[in-house]
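Down below is the structure, laid out as structure tokens.
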Amino acid sequence: MFHHNKRLQYTVRVSESNPGLANLLLEQFGGPQGELAAAMRYFTQALGEVDPGRKDMLLDIATEELSHLEVIGTLVAMLNKGAKGKLAEGVDEAAEAYRTLQGAGNDSHVTQVLYGGGPALTNSGGQLWTAGYVDSIGDPTADLRSNIAAEARAKIVYERLINVTTDPGVADALAFLMTREVAHQRSFERALYSMDDNFPVGKLAPVPEYADLYINTSQGEGDMRGSWNQGEPWTYVDDREKQSNVDGGGGSATVELKSDEVKAVEALSSRLASDPQAMPLTGIDLGVGKPKTAGGK
Amino acid sequence: MFHHNKRLQYTVRVSESNPGLANLLLEQFGGPQGELAAAMRYFTQALGEVDPGRKDMLLDIATEELSHLEVIGTLVAMLNKGAKGKLAEGVDEAAEAYRTLQGAGNDSHVTQVLYGGGPALTNSGGQLWTAGYVDSIGDPTADLRSNIAAEARAKIVYERLINVTTDPGVADALAFLMTREVAHQRSFERALYSMDDNFPVGKLAPVPEYADLYINTSQGEGDMRGSWNQGEPWTYVDDREKQSNVDGGGGSATVELKSDEVKAVEALSSRLASDPQAMPLTGIDLGVGKPKTAGGK
Amino acid sequence: MFHHNKRLQYTVRVSESNPGLANLLLEQFGGPQGELAAAMRYFTQALGEVDPGRKDMLLDIATEELSHLEVIGTLVAMLNKGAKGKLAEGVDEAAEAYRTLQGAGNDSHVTQVLYGGGPALTNSGGQLWTAGYVDSIGDPTADLRSNIAAEARAKIVYERLINVTTDPGVADALAFLMTREVAHQRSFERALYSMDDNFPVGKLAPVPEYADLYINTSQGEGDMRGSWNQGEPWTYVDDREKQSNVDGGGGSATVELKSDEVKAVEALSSRLASDPQAMPLTGIDLGVGKPKTAGGK
Amino acid sequence: MFHHNKRLQYTVRVSESNPGLANLLLEQFGGPQGELAAAMRYFTQALGEVDPGRKDMLLDIATEELSHLEVIGTLVAMLNKGAKGKLAEGVDEAAEAYRTLQGAGNDSHVTQVLYGGGPALTNSGGQLWTAGYVDSIGDPTADLRSNIAAEARAKIVYERLINVTTDPGVADALAFLMTREVAHQRSFERALYSMDDNFPVGKLAPVPEYADLYINTSQGEGDMRGSWNQGEPWTYVDDREKQSNVDGGGGSATVELKSDEVKAVEALSSRLASDPQAMPLTGIDLGVGKPKTAGGK
Amino acid sequence: MFHHNKRLQYTVRVSESNPGLANLLLEQFGGPQGELAAAMRYFTQALGEVDPGRKDMLLDIATEELSHLEVIGTLVAMLNKGAKGKLAEGVDEAAEAYRTLQGAGNDSHVTQVLYGGGPALTNSGGQLWTAGYVDSIGDPTADLRSNIAAEARAKIVYERLINVTTDPGVADALAFLMTREVAHQRSFERALYSMDDNFPVGKLAPVPEYADLYINTSQGEGDMRGSWNQGEPWTYVDDREKQSNVDGGGGSATVELKSDEVKAVEALSSRLASDPQAMPLTGIDLGVGKPKTAGGK
Amino acid sequence: MFHHNKRLQYTVRVSESNPGLANLLLEQFGGPQGELAAAMRYFTQALGEVDPGRKDMLLDIATEELSHLEVIGTLVAMLNKGAKGKLAEGVDEAAEAYRTLQGAGNDSHVTQVLYGGGPALTNSGGQLWTAGYVDSIGDPTADLRSNIAAEARAKIVYERLINVTTDPGVADALAFLMTREVAHQRSFERALYSMDDNFPVGKLAPVPEYADLYINTSQGEGDMRGSWNQGEPWTYVDDREKQSNVDGGGGSATVELKSDEVKAVEALSSRLASDPQAMPLTGIDLGVGKPKTAGGK
């Protein structure tokens, strides 16, 4: 079970009200690369995990991410605290209050008016957090790779936030959170390679004749070669004719239908058949109007 | 620009109508690990990419994923073709039609009634595809890791589908698609390591004092050690007291408010203060009713 | 910050594999009335709360809800454990595996194929959890009422689940979780009435002339009177004529536009004017086909 | 303003409990082609409309769609009434209650357990209604076409539901609702062609050199000609070389950057450059394990 | 299968960095009327289509829309390229970087911070693309109308974007894309009327007694007549009494329940009965506080 | 059924164009606390309700909320009317049009470009309305509490909007709408307490040994006592050891598996076992690059 200690994992010191910055920080509270997504990714994996080492690690890191969620949410709450008080108490005249709200910039109006200055589980654009961000699928060779990638993405978003933050206390806390993502990435890498068989993932082998093809589907000036498509083990398929119908079966689609199905499909086809010989009058012929303004202005 | 060749990349041969299986295959059409998510992940990365090698590779693979989307969607269409014809033409009595619809199992009723047997951009449970599945963030050291993970996840889902598929033509096509995920994973791995500096991701260095801590937040029977939390470079933080307030600043949260903000916050606090001495009558005291059935039935 | 103790808050004892029941339990894992929604509702309120008593209470209960999330997720994991192993290892022939998957009923195919038997942040129908379920708005007189309601809803959903559960260990754990919702409701009621001014919520007074109207907008057989629309303080507005335009201003809509705006609006109106005298030929006149099957079959 | 008359627009007569059918009917309650989507489509258009004839018509039809929402929702409520009573009162033993719930088929378990048998704003698969279904954009030449299409889609979904409905009272009500969609389609067609200039939509003219091209992007066996790509006014572009770079500008992408931008982009490119000469060791080389099961089983 | 040619369909020339404009253009990349929605609408229809002419046309246009997605995405990437480089490299001081980010206006902060300047599958407000935008239902008489409407909507949104674009290269590309929507609308119109029976859609006939009613549900000043509600074939139902209960069955709702269901429903009703005679003390009576600020300020 | 009267419930008088304010008002049109959510909450409850008094009240209030939706939507339409005309007619030069669009502030660019100035079913940040906002579950003791809370939330959001509104006609209309929420809250309270048994909700009794525990999960400076956790009936559980494993069963999780399940789970565990003794080379060891910029800038 979870316990909570009222001390934050990292001290939050904010030097002045800044609802605009608060709103940007929501990326890491309720955004796709944020701490709730991280905590839920690892927590859901932990619950289904049977390997004792991985289960322990996933619970450790999930719990730490919840503590990060608390740090980032507290930063948001502190940055909004003053503005929240003023709007709730209606201390400003409406015109001034409107100017202040708009002046904070970005989408902080949503945070203020709808969420009352509290941290909301949205990204900085107001998009509601969705479990579609959590990509756990219950296989550790895949999930650990997902975790490695997620930590890398979170690190980058923290870096971007730091690049636009002047408040030193906020920047410090963000640097701490950014750093921890790097540490977690390392743990997940170690755990991945502590399985002695993690590629290809899963239990079924690839089909040998298709496993080493690199199919050059995008052609023209800019075609490049590198280790991702040349050298071992690649066969480079450049010929457009050989890119489709790779199995030699014709590249068409068929299904064997029962006789009543055939009959129904034929009836449907016939009822809705298109006549390629027709040159029908159409709705737009009835609606063509006056000449328009010259194209593209 | 894109071109289309009417031959499929892989021949689709379905041996009988099976709307239930069709519905399961939607996982890889409009599900989170499916081909649209893959194609869009790589395509959006390609558009913003400036490195010529990666850009070329991303376009090659994005285009192939669109071709896979076509294969999986065509499988769905073939598996549903007969049922679609029969429902559209109303060939069965209602009672028989209802039995057939329900008898196909899982969520194939949604596919039939709402989408008319055409492949829909949903997963097998009817959840609409959302761009929240696409985790591109515009930094290749992160995005390539996301791609590696995505290919691993997709491989696993294909494997699960193969495990429940008896139709040999469908199983063959799924095995082809599964195989290509493995090949793509390899390309992305090669591209990642063709950058000579991909860890830590980004440009800012981690804060040294927090970079090598492993914080044992989850404790009790089941605590484990392994390379993810012991050996180089880890400092293992086991003491609960040292897990919070890691910066030594006290672990509290503060913000410096202007005087009018202070005044507003105080007014708000006072207006909505909770009285810890009160033992109030509450709504539930007014609504307590008759004894209930014994707990937990 | 959060800590985790490897012992669950309540012991989980499952007597046999049951992916169908596992899927139903997802309602309280990733559904709208489930434990994640509860935990996040109280946690986001706590972060923005300044009253010390409420803040403490919200953190206590949020943390307990996370522990409940762990219990319900663990129930799901145990109920799915056997099926997960068999599908991952491919121990059954495909036909048998397909039958088992479909035979488990409801949407457990999503859980198995997409999420690999791990608990997923969806409801029992596969709908992804969304932060739209979290209704915190940063005012305690409203938020505490939201919490009271949320606990009542969660209690009912647990009751429905208990009513369909035969596994005694699962039923016990559900009864524990159900019970805690009742306790939490009581805490929130007490906290609400520990504020000596919680109705009307907010700081602005209602407009007196509209505050005590009950507007009987739905009329006909079935009209009823009760304390919600009769007695003090209600004025019952039954006359349709007096229901609209309650302010006596005419019930129309106007805006004062600047002259260039007027001109633009007139140009737009004129360009897209509808001719009420016309009896136009339309697209459907071009497309009317053969007689149809008799109406409504 | 709206008023409500307790008599339904169409009498609802249900001959027996049927939660499975109730669940299917949700398509037209909270599904994409359902009555809420219809009502909201026309209502939002009406509010912004300045043409008096269209505004009146949109309000008439929006209001009728709300009345249809009531009819379909009432059908759902009646079909679920018995099951709701039994589950709420817990009259069956758990094993029997579970069998009944699963036996109703499709996603009726969601309706019962989560929504308590009341009609929910979801489709038959449990997907929450989203305003993404409402495609109003505030231009009547487009919006009326959207309405025409929406009515056509709704008609088809009602037809599919009728095809699987044996209960005569339900089938009657569905036939009424289906019929009204046809009437509404006619009204929208008439309104569209009562504007004497509705094609091309909008005020800007198409660019003449691109307006009449039909670009044969999909080639191979199955290429077809018909009025949609031959005859007046089409120029059929078959030559792949002429399909891209249609403006003759080269088909590349350029932007003029300022010097500090150039410098930053170069630094970024250089920092993250991919080395096409490298043949790097990658993560998968570290993780290659034992041989797998034969491909595709 | 799909192939890709590195030349764009239309040359992209951007004359200066402009993240604010980039963000607006996202409407047509990941917005509801954008190119992904268009491509997926036609592609999903194509897969299920059996008529050879329509199938070919749908694939042609779907493929072209993917090429448009590439053009609009490339415009976004070029407009963001400079800002992306500067933020990624951290070349500006934080205060300057913050000013630049906010100064770009609208929601470009989301694009920069979260998506790193790459084109994202969102609209200009950051709303994630959802398959709820794709309205294909597998019947060509409905789907072609949906396509016609979709092209009309897209044309209008392009027109609005052109109206706010000063960059001549961007405006040119937008005019090209706008033009192609008009061409596609024409193709879909031709295809619709190449079926000789497209109204009423579907196979079941409307119920004659309800097919020609126009129900004047919205009454008062502003009531209008026009071809949509007068002339052939309309019967105009103005009498409120005749608008409901149109079948004469009474306008009520009934279901025939089995005896155990009746008993359960009665038990439920009785347990939760409302007492219309009561004048209960309520929660708000316990919480009425001090007088408020004067109404409406 | 519903009828519509062309007079609004409250007269709308707007004194000048203001797309920025229009956009803020969307919170109460298509936002979570807005009028559509309210109307749908009560309407869906009404359809499933069997108690005549509550059913009548729910229909009365649902219908009034639809009328409020009309008022707020009309306010939005009036505030946008001028800007809509100018953008649609393209009366301004592009540079001026762009400045005007951006200058209106907040997310009004979405409203203008995508929705053409019509009211959209989004909140002020462009988030699409979702039925996830509707929390009806079909039990009146829970649903009435949800309604009470929803009215309280809506009142607060109106208050915040009034605090930033200078236009007197808009402020008046908002004050009317705000007032009605208070009246509705009163009706719902009365209806709740007109049931003589509304706590605990539902039919099953809480488990006595867990019903009166208050579990102090969050500890440290800031721990508080009040009526919500002291006095009758609380037992305050402060000892961390007693907070978990409250049933004394050990706090672990078990499931009894069949022998083939055991075998499969063992095979899975063994295949994916983590080696805690390994100190593996990992992907990041291959990718460590040059030193980074100093941490946290």
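Think of it as A, B, C, D, E and F in the order they're written, each chain with its own count starting at 1.
Convention: contacts are C-beta pairs under 8 Å (C-beta built on N, C-alpha and C of every residue); 3 or more make two chains touch, one makes a residue touch a chain.
Chain labels with UniProt names: A, B, C, D, E, F = Manganese catalase family protein.
Keep in mind that this is a model prediction, so the values were computed, not measured.
Novice: What is the Cα-based rotation angle between copies subunit B and subunit D, on a 0 to 180° scale and rounded to a multiple of 5?
Specialist: The best-fit rotation has an angle of 120 degrees.
Novice: Since subunit A and subunit F are copies that touch, is their contact same (over half of the numbers shared) or different (under half)?
Specialist: different
Novice: Which chain pair shares more contacting C-beta pairs: C-F, or A-C?
Specialist: C-F
Novice: CA centre of subunit D versus CA centre of subunit E: separation in Å?
Specialist: 8
Novice: I'd like the Å distance between the centres of subunit B and subunit C, where a centre is the mean of that chain's Cα atoms.
Specialist: Between these chains, centre-to-centre, one finds 22 Å.
Novice: Using the touch rule from the top of the page, what residues of subunit A touch 2 or more other chains?
Specialist: 1-9, 32-33, 50, 53, 59-60, 62-64, 67, 74, 77, 81, 84, 88-90, 94, 107, 114, 116, 122, 125-128, 130, 132, 137, 139, 141, 148, 156-157, 159, 162-163, 171-172, 175-176, 178-179, 185-186, 190-197, 199-200, 202-204, 206-207, 217-218, 222-224, 226-227, 240, 243-244, 251, 265, 268, 271, 274-276, 278, 280-284, 286, 293, 295-297 - these are the residues of subunit A that touch more than one other chain.
Novice: Under the stated contact criterion, what part of subunit A meets subunit F in this complex?
Specialist: Contacts found on subunit A: 1-7, 50-51, 53-54, 87-88, 90, 92, 94-95, 97-98, 101-102, 107, 109-110, 112-114, 116, 122, 125-128, 139-141, 148, 162-163, 171-172, 174-176, 178-179, 185-186, 189-197, 203, 293, 297.
Novice: Within the complex, which stretch of subunit B touches subunit E?
Specialist: Residues in contact with subunit E: 1-9, 30, 36, 40, 43-45, 47-48, 50, 59-60, 62-64, 66-67, 69-70, 73-74, 76-77, 80-81, 84, 88-90, 114-122, 128-132, 134, 136-139, 203-204, 280-283, 286.
Novice: Where on subunit F is subunit A touching in the complex?
Specialist: Residue list for subunit F touching subunit A: 20-21, 24, 27, 31-33, 90, 94, 105-107, 123-127, 130, 156-157, 159-166, 171, 217-223, 240, 243-244, 251, 265, 268-269, 271-276, 278, 280-284, 295-297.
Novice: Would you mind writing out the residues of subunit F in touch with subunit B in their complex?
Specialist: Result: residues 141, 192-193, 195-200, 202-208, 224-227, 231, 274-280, 283-284, 286-297 of subunit F touch subunit B.
Novice: List the residues on subunit A that touch subunit B in their complex, please.
Specialist: 5-17, 32-33, 52-53, 55-57, 59-60, 62-64, 67, 74, 77-79, 81-86, 88-89, 91, 130, 132-133, 135, 137, 139, 141-142, 145-146, 148-150, 152-153, 155-157, 159, 162, 172, 175-176, 178-180, 182-183, 185-188, 190-191, 194, 199-204, 206-207, 210-218, 222-224, 226-229, 233, 240, 243-258, 260-268, 271
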